[in-house]
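Scrolling down, you'll hit the structures one after another.
What follows is a pair of complexes built around chain A, which joins chain B in one and chain C in the other.
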Partner chain A sequence: MELTIDKLSKHYGDSIAVDTFSIVLQPGIYGLLGANGSGKTTLMRMICDILKSTSGEVKYNNTNIKKLGEDYRDILGYLPQHFGYYPDFKAYDFLMYFASLKGLPHFKAKEKSLELLEIVNLTEVKNKKIKSFSGGMKQRLGIAQAMLNDPKILILDEPTAGLDPKERVRFRNLISTFGKDRIIILSTHIVSDVEYIADEIIVMKSGQLLNKGNVTQITKSIEGFVWECTVPSKEVKYLNETYTVSNLKNVGDQVSLRIIADKKPCEGAVNTPPNLEDLYLYYFEEGPAL
Partner chain B sequence: MKSLIFFELKKIIGRRMTILAILGAILMSILFFIFDVADERHFNSDIQTLHGLEAILFDQEVMRELKGHLTDAYINKREAERAAIENNPNNLEKIPDKELVEKKKEMREVGFSETEIANVPTMKLKDDVYIRELDKYDFLGSHVGLSVIIPKIISELENDEMNKIYDRRSGRFSNAKRPSLADKETSKLLSMYKQVDKHYYYDYYFGWDRLSASFSGFVAIVLSAVIVICLSPVFSQEYSNHTDAIMLPTKYGKNKVIVAKLVSSLIFTTAAYLLFAAINLGLYAAVYGLTGYNSNIQLDFFYYQSPYNLTFLGLNLAVLGLSYIGLTFMAAITLFISSKGKNPFICVILSALVLYIPMIDLSGISHIADKIIALFPVNIMKAIEIFELGKFYNLFGTLLLQPTMMIVTAILISAILVRSTYKSFENHQV
Partner chain C sequence: MKDKKVKNTLEKYRVPQIPNSLIDNTVGLAKRAFERTGIKYEMSFREILVGQIKYISPSLWVIQAALLFIILVFLLVSNSTHNAYQSVITTISVASPIIALVVIPELAKSFNHHVWEMESTCKFDLQKLLAIRLIIIGALDMFVITIMVVITSTFYELSFINISLYILVPFNMASSIYLYILRRIRGKAATIICLTVGIFMALGVGLLAVYSELYTLISTFIWMTMFIFSTVVLVYELIHMLKSLQEGEKLEWNLP
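For the complex of A and B:
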């Protein structure tokens, strides 16, 4: 199974949302990292064939997805950034409707809907109208609808928005177990969502593919750029204004800082192994493009 | 597919606006009926004004007493009865000179000959005699009219004097532009008039007459608005709810669900139509009764020049059929606008404009413009007006009667719009 994105571009007039993006994806979990406006959602929409590209193509097993049509959509699951719903539908009815849309026979639709409601912890409210749900509950319902047809390709655009930490952990575990033999693309700003479960991280900036690799490989690229130091309080303001500070903690009358910088930011600063959050800040907080 | 259609129907019916619209329409249907009944008025033989149900019952009694085929023998008998009343000296008084002059002038305008004008009586009936005894014989005017009007029209057509049919129209129709007919059209119209039944069947037909008029008006103004309100969100709400983003990437999101939406919209439109047809038929049948179904439409003043050889039952069936076709045509337009619109409210406004603007009367401005605007859904739904006179459309050399042209137009354009709606949603970009 292979999903190929071949020189995909999307232009809106003079503005370029996605710029000759190319990548080949095999089964695994992919974390798509990028700042707001980097083109993640546009890319995902084109992969789901709900937005026409300006140029380039998306292929599944070497066949253009437009040619595959219904056969491609049959193996696709998608949760958009802003999940739309029918306010007067009950949660169970909503899933049954989307199960119909996904071609599930009635008995299977019933079984799958109840199973997913259990997984996303919405069984007790299955007969309540969606308009009465909290934001997190709606998001969980959205995740459930995306998984109804056991998709081979699952595209999730900021799926943990609105979820509390406990729910995010449940979601991470769900995706991990679900991720075997499937292609899962997960876009998020919450780095911890993908740091521990993603097989590969894809970094996107200004519509382009900036970097990709597993967490170890990708964070290696900024080895030597992450520093830890402890400074008096009066120096904090200067360091904050001059460098990207990823963490700040008061330790007695001193302040412990984690700084991302090309060179040693202050006396006593030592290099520390970078993590994914450092990488995100390096790329998207005025860090240089590689 | 069945489950998709079920869910799409559920979405249409489950909306609060749908329930409110249907309930509002039921209320209006009942109100229209009540106004119709309350509007009935008649004088009984004691010159008391009867209203509503009393007037209806009185009319029924009088007209059923006189029911029958208007054969020569029947006419002669009733004419003799009427003549006896009219010639009874106790019932007469002299006509004032001024009134006599006015009457002769009117007769000239309608087309009576000078001989007929010269022989007009100088005595008239006392005012109360008409109400007491002669009112019930008014229908004989149809037959007299028939013996004069239909042959008169045939003669006018043969002499290329078609405009006189239009000259005899009253009210807002009197200012309509006169058409100029090609030979083919004149010939077709002639053959239609020659086929009009000579011996009308007279009975109490008011129920059928009120039903066809009220129902066609109700469909054109109220039911069509219900359909616009209920179907505008079918596609546009997917855009405004952002459910298009999760619907389109599904297996059936670009094919079967669109068909399901179209089919469920047709089912809803048809069910609503049948519901209100049943309500109206039930109400009018319960109060006015079902007699007079086989009376000829030419008995009614509005249709006295009609070339359509129809009974009131035939007229009602034609109205039912045409108003349904007009309604589904409007549904197709609404769905198309919905597939293009981003917001159900804007779609309702645009659809309402397409629905109501063609009600503008262009007959006094241009005959061609009038014929074109007659093909819009609202005018197809106002089906009773179609049968007043015979109108033709020349479609690439083929002559089509107005009802046929309306059906052909509605079906063709609806088919195009349905396809365009399908493509519009299928190619929708999120």
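For the complex of A and C:
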């Protein structure tokens, strides 16, 4: 199983949302990181074939997904960033409706819907109207919807938006157990959502592929740029204005700082191993993505 | 004699007691065995169509039924007015753009509620889904129109063909205009524009019908030509609407 994204571009008039993006995805969990407007949603929509690309193509096992059509959609699950529901639908109806569009036979649809409601912790409210749900509950229903047809390719656009910490953990566990023999792509701004479960991180900036690899590989690229130092509180203002500070903690009347900088930012600063959040800040702190 | 024998035998027969857990187990095993075969269950078109009927908004059935009731009341009351003929013509003329209008929210709902993105990625994509919705809605409209035609031609001295034409020509024209608006402008705005245009159209046709002699002055042949022309336009709009659903970014009428 292989999903090939081949020089994919999307132009909106003069602006370029996705810029000759190429990558080959094998089964695994991929975390798509990028600032607002970096083109994550646009890329995902093209992978789902709901948005025409300006140039380039997406291939599943070496066949263009447009050619596969229904057969491709049969193995695809998608959670859009902003999704809606019909106002008179209950949670269970919502899943049964999508199960019918996904071509599940009735007995299977019932079984699967109930199973997924349990998984996303909505069994108790399955007969409540969706409009009475909180944002996080709606989001979980959307995640269940994407998984109805047991998809081989699962695309989730900011699936953890609006989830509380407990539900975030549940979601992470769900994805890592679901993830075998599938291609799962999830976009997020929250680094910790993907840090532990993603096999590979894809960093996107201004529509381009900036970096990819597992967490150790890609954080290696900023090794030596992350510093820790403890300074008197009066120096904090200057450091904060000059450098990217990823963490700040008061220790007595001193302040302990974690700084991302190419050169040693202050006296007594020592290098520490970078984490994914440092990497994110390193790439995206210097200004807007476009 | 024979019957008794059979009865006795049947009564003698005892079903051995099997624990439910064993039954569940067997069913479970069979299900898993079936799933391993890789045989895909393919739904027939009829099955998909019937399956979708229950997902049509309940409000559509209610509104359509209420509308039909009002139309029938008007048609029957017309009998006692001094110019029954004119009254009937006015009623059916005003009714036809409205019958076409009440189904618009149903057609636009995927966009109004931003569900289209998920629907587009399902095995039966947005295009198939809307085609199915159109068939259901079209059948409903035709049902309502048939009842109107039958009632009118039974109670008044009007030919079946003429009544059908008087209803279908404005119906087709109105439907084409609504579909055009929906295709061009997506989102809630489109529905509101359709509503406004629909009401003006109903008023316009209604005013025209006051001069009901016009309807009889125009020969059946011309009505027939108008009918064929309007049907062609409607079919053209339907095809265009379904085609436009494949152009992703044009659907993005309202990125939140």
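Things worth noting here:
Here is the rule we go by: the second predicted complex is superposed on the first by the 286 of 290 C-alpha atoms of A that agree within 3 Å, B and C clash if a C-alpha of one lies under 4 Å from a C-alpha of the other, contacts with A are read in each partner's own complex, and residues count from 1 in each chain.
Just so it is clear, contacts are C-beta pairs under 8 Å (C-beta built on N, C-alpha and C of every residue); 3 or more make two chains touch, one makes a residue touch a chain.
Bear in mind that the values here come from a model prediction, so they are computed numbers and not experimental data.
Aligning the shared chain A places chain B and chain C in steric conflict.
In the superposed model, A:Phe178 lies in contact with neither chain B nor chain C. When both complexes are overlaid on chain A, the residue A:Arg73 reaches chain B and chain C alike. Contacts of A:Phe98 after superposition on the shared chain: both chain B and chain C are touched.
Common to the chain B and chain C contact sets on chain A are residues 45, 48-52, 70, 73-74, 76, 78-80, 82-86, 88, 97-98, 100-103, 142, 145, 149.
Taken in their complex, chain A has these residues touching chain B: 45, 48-52, 69-70, 73-74, 76, 78-80, 82-86, 88-89, 93, 96-98, 100-103, 106, 142, 145-146, 149.
Residues 12, 45, 48-52, 70, 73-74, 76-80, 82-88, 97-98, 100-105, 108, 142, 145, 149 of chain A are the ones touching chain C in the complex. Residues 41-43, 48, 51-52, 55, 57-59, 109, 113-115, 117-125, 129, 247-249, 251-252, 255-256 of chain C are the ones that touch chain A when the two sit in their complex.
Interface residues of chain B, counted against chain A in their complex, comprise 3-4, 7, 10-11, 14-16, 238, 241-255, 257, 428-430.
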